[in-house]
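Chain IDs A, B, C, D, E and F follow the sequence of writing; residue 1 opens each chain.
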Amino acid sequence: MRRVKTGIVGLDKMLLGGLIAARPYVIGGPPGSGKTILGLHFLLQGIRDGINGLYISLSEPAPEIRDNMGAFGWDISKVRILDVTPEGGTGVWVLPSDGFLESMRFNIANLNSLISTEITVHRIGNIVIDSITALKELCERERDVRVDLLSLMNYLSENKCTSLLISESKGEIVDVESFLARGTIRLQTVFVEGKRKRSIVIEKMRGTGFDEQARPMKITERGIEVFPSESLLE
Amino acid sequence: MRRVKTGIVGLDKMLLGGLIAARPYVIGGPPGSGKTILGLHFLLQGIRDGINGLYISLSEPAPEIRDNMGAFGWDISKVRILDVTPEGGTGVWVLPSDGFLESMRFNIANLNSLISTEITVHRIGNIVIDSITALKELCERERDVRVDLLSLMNYLSENKCTSLLISESKGEIVDVESFLARGTIRLQTVFVEGKRKRSIVIEKMRGTGFDEQARPMKITERGIEVFPSESLLE
Amino acid sequence: MRRVKTGIVGLDKMLLGGLIAARPYVIGGPPGSGKTILGLHFLLQGIRDGINGLYISLSEPAPEIRDNMGAFGWDISKVRILDVTPEGGTGVWVLPSDGFLESMRFNIANLNSLISTEITVHRIGNIVIDSITALKELCERERDVRVDLLSLMNYLSENKCTSLLISESKGEIVDVESFLARGTIRLQTVFVEGKRKRSIVIEKMRGTGFDEQARPMKITERGIEVFPSESLLE
Amino acid sequence: MRRVKTGIVGLDKMLLGGLIAARPYVIGGPPGSGKTILGLHFLLQGIRDGINGLYISLSEPAPEIRDNMGAFGWDISKVRILDVTPEGGTGVWVLPSDGFLESMRFNIANLNSLISTEITVHRIGNIVIDSITALKELCERERDVRVDLLSLMNYLSENKCTSLLISESKGEIVDVESFLARGTIRLQTVFVEGKRKRSIVIEKMRGTGFDEQARPMKITERGIEVFPSESLLE
Amino acid sequence: MRRVKTGIVGLDKMLLGGLIAARPYVIGGPPGSGKTILGLHFLLQGIRDGINGLYISLSEPAPEIRDNMGAFGWDISKVRILDVTPEGGTGVWVLPSDGFLESMRFNIANLNSLISTEITVHRIGNIVIDSITALKELCERERDVRVDLLSLMNYLSENKCTSLLISESKGEIVDVESFLARGTIRLQTVFVEGKRKRSIVIEKMRGTGFDEQARPMKITERGIEVFPSESLLE
Amino acid sequence: MRRVKTGIVGLDKMLLGGLIAARPYVIGGPPGSGKTILGLHFLLQGIRDGINGLYISLSEPAPEIRDNMGAFGWDISKVRILDVTPEGGTGVWVLPSDGFLESMRFNIANLNSLISTEITVHRIGNIVIDSITALKELCERERDVRVDLLSLMNYLSENKCTSLLISESKGEIVDVESFLARGTIRLQTVFVEGKRKRSIVIEKMRGTGFDEQARPMKITERGIEVFPSESLLE
């Protein structure tokens, strides 16, 4: 099975070489845990490896994302950013039109069309959806969540896309997407002797062995750094 | 009472020889705990023992399941896989047609028909349903869950099928299927001195004695390994 | 007041001779805690003492119950088993017809009729309902639960039946049936120094003194054994 | 302000002489904690002091209550027991007719009429309602609970009745009746060094000083005994 | 900014002189924590300082309040008590008529009118509403709670009333009124080495410095006593 | 990226110079934690730096805010305060008219218009909304919350406003606004050896490094003071 690098050396080591290609993965964690940065690492590494990348932002406007990544000295101009945030001040959520597409009301079906066009036209291989939690809220009924998520995940897999689905962890309940995805990576903040420390743990990863321990991570001026041979207590 | 092996040596030892045949069991645990791998161990062992096996996947497409099992060096070509995942990108969940069956809307009644045909035509003896949690979400009303699960379990028993029903543990509440099934095996991750360790415990098993203690388990390149004579603290 | 033995020597000792006759009791506990076995102990002891016994199963088919009890070397052929589990594969829950009764839709009123006929025709003295939790789910509205349970309990008392109502403990909330019944016995699994140990405690018992401490219990090849003079810490 | 004795010597000492007359109090606790026994102590003491007593049972039939109290050697023949439990086997809850009253559907208004007649005809001074939790479930809407409880409490006060309202504690949430009543006495089971011990604590008591500490209590063959000069740790 | 004394010496010290006048404050705590007594201290001190006081009781009848306060040796004859408890036995909640006002159905709007009349006619300066929790339950919809509370608080402020709003703490959730009020004082019971001890803490107080620590308090025969220079651990 | 100072020296140090301009931030915390004071620090510092500031109060009337800030010796006369609290005593929530605007019913759309006018007419650069929690309650349906918040945040960003959105923390659940905002600063009260201590922690901050540790803070007569080189345990 082909591997796709996350672009974070320590995390790729924990994954014994990277993510298995053409599958959907969940990146979970609380606000400020580094989920978005991890997503951009993944897309940038893809560009370096010749894989076209698409970042679908449901919350942060594209210019801000570019500015933030500039702070890490990253050039993300080659990453396609689909800015599907609601229009300022109107309370209306429409999907962008870009020549191929008319402007459309934002719902699951329309977003699927939009993604489908993106994948075909721009030959996308790596996708980040930020966040899958926002997508879930668009489902008409609670019971639709599972089928809508699975349908999207299957579509991405069938089109050979490796995808990271960013999930907002609100509490102790395990989210359904973690059961459905082929792997789950969780970012956390732990308190060790009164100090906040960041950690990363691979909770689930199908089709491969992996480092099962939680490892320390840092967010530095070069992005996320993971320390796969250190333990949290060190 | 006839015994059916799970195919995991240590677990069969904990079970004093295996599961009692023709009954439904729950396999519970969080994402990444090894529920699906345990299911495949069970079906592969069945094949070796001359029992036809059926894996009903409600989330992962069949090709991925085959790829994942290849990573353990397993040949699961003799296991029937019923891929009842939703169609990619459509948000529609239909059951597959395979010559015997027309394509049908996915609901409990139709899934029962499909399973019924499978059991008869392919003389199935061992079944894994991955996951029973997805099935429960198909029930029209909360009150239907118990009768629908019991009706399915009874049908499987009457047809002499030994079945593993994979259950997604979302929190602290005990799921109804654990009360209804004839046995429950739970996979967990515990932290012992800052290290993540996997464990397995038989919470319930009717009609037989069994090892009541939680035991360490590992997921290695040969699948699940259970250590029935070790304690979690060792 | 007349006493009825539970058939578990240690438990009868904790009860200072047994349960007070013609009253309803709750047996609570998680899956696999031994609730059903306790119920069968009670009915078998009744047979030995000349009291006709009825086991009403709402989840496990009668043949399985007989097989399971055979594993303890018990002959339960003299216990009447009313198998009111849903029909296999149909999703329909009907009550059985056995010459006296027509097949009926399963609801609280019909189940009451069925029990009433059983008590009269077979002169039943001891009853186990497995489970009262399933019965509660049949109530049309949340507010009906209390009156329906009380009405059933009163009917059983008026007909001089001693009854054990098995209750599925799903969490920390105290179930309403524990307030309504005349006694509650809870089966639990506790962890003592990393070992799972079974325990039994009489939480409530009207009209008599009783041992108020939690005591160790085991499930062995002879059924449940309770150790009324040992403490959990020993 | 006139004091009314509870009939439990140690508790009356904790109350500096007894309950202030003509007010409603809540007795809370889990199943088996002794709430009903405390209520009967109170009524029996009233009889000894020349106060007519009324016990309104919403769950246990009158004959059982009498049998249970016989076990303590108590003669409760002078206590009026209003058995308002649902009719056996019918699922119908009607209020009793006793010459003064026609049989009526059980609801808050009708129960109020019934109590009103009882108080007038039998010149009742002490009342126990077992349980107020059942009464609350009769309220049509969540918002009616407060006004219906207050209306009942005010009626009892205006008629110079001292009343104990038994409340089923289901969890950690403080019940509204504890805020509305003029006092709350809570019965509990605590674990001290692995032993279950009973305790009693006065959580609230308006218009008087009282012992604010939790004290040990026992249920013996003479009923409830409270040890007001011992601490729980002794 | 003008200060209004609470009448509890230790609490006024914690407040650096008292509450800032003409603002609404929340007094929170479980049943029996002393909320009502604190409210009466405040009104009595007001009388001594020439400020007319109004106590609005939504649960306890006026005569009982007077009796309870007599137990502290207090003469509260000069405090106006508005008894807006539901009529005994009718389940109807009407507001009182007193010459100025017709009897009215109890709702938020009518209560506002009633308070408005009281303030004008009796030139009220200090108000206690016991309890704000009851008021909240009168709001038609969950979303109205915030605007109805704010509207009431603003009205009181505009009319230069200093008000204490008594809040029933039912659990761990922070109540909305604590965010809206200009200050929150919480009364609690803590266990220190097995002993129940009362404590008081100012959680929030706008426009002034204050003692941020929790302090011991007692309820004695002279009312509430606060010990502002002691810590809870002493 | 341009930085905007919060006006709290220690916090600006933790932020490596201040907030990134033209973005929305969440300030979270329980009642009395200093959220409003932090907001005013920010606006006052803006005035000093030539940035027009707008404080939108949804709970506290403007005169009280001015009085409270006077207690810190601050002159906030140059800060625009938009008092959108409900009218006293009417239970009606209308938005103010000030020459430019007619009085309008308070809803999300109308508030957006009001803010839009304010920004244009008064050339506002810094905004505090106190509180975003109140705004969320105005959304018609649960599903509208995300799009309405995002739409508002985008509008503020597009108009180059740096905004602080004050969020009422009611429990353990992470609020959606913390995922949507570009940064989250949380104010807390911790107990260290029985003493209440205030702390501040930057949970999330996009586009910049920052001090990830929780730091002690005090509210003194000069406002909030943060100690960025001390740890909570010191």
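To be clear about the criterion, contacts are C-beta pairs under 8 Å (C-beta built on N, C-alpha and C of every residue); 3 or more make two chains touch, one makes a residue touch a chain.
Bear in mind the structure is a predicted one, so any value in this text is a computation, not a measurement.
Common neighbours of subunit A and subunit E under the contact rule above are F. Using the contact threshold fixed earlier, the set of chains in contact with both subunit A and subunit D is empty.
Homomeric contact subunit E/subunit F is classed as different-residue, with under half of its interface positions used by both copies. Subunit B and subunit E have centres, each the mean of its CA atoms, that are 59 Å apart. Distance from the subunit C centre to the subunit E centre is 51 Å, each centre being the mean of its Cα atoms. Note on chain placement: the centre of subunit B and the centre of subunit C lie 29 Å apart, centres being C-alpha means. Looking at subunit E, no residue sits in touch with two or more other chains.
Taken as a contact graph, the chains are arranged in a single closed ring, with each chain touching exactly two others.
Residue ranges on subunit D touching subunit C, taken from their complex, read 30-33, 36, 59-61, 64, 67-68, 71, 85-93, 131, 133-134, 137-138, 168-171, 194-196, 198, 219-221.
Those residues of subunit B lying in contact with subunit C across their complex are 1, 20, 23, 108-109, 112, 116, 143-144, 146-148, 150-152, 154-159, 172-174, 176, 178-184, 201-209, 212-214, 231-233.
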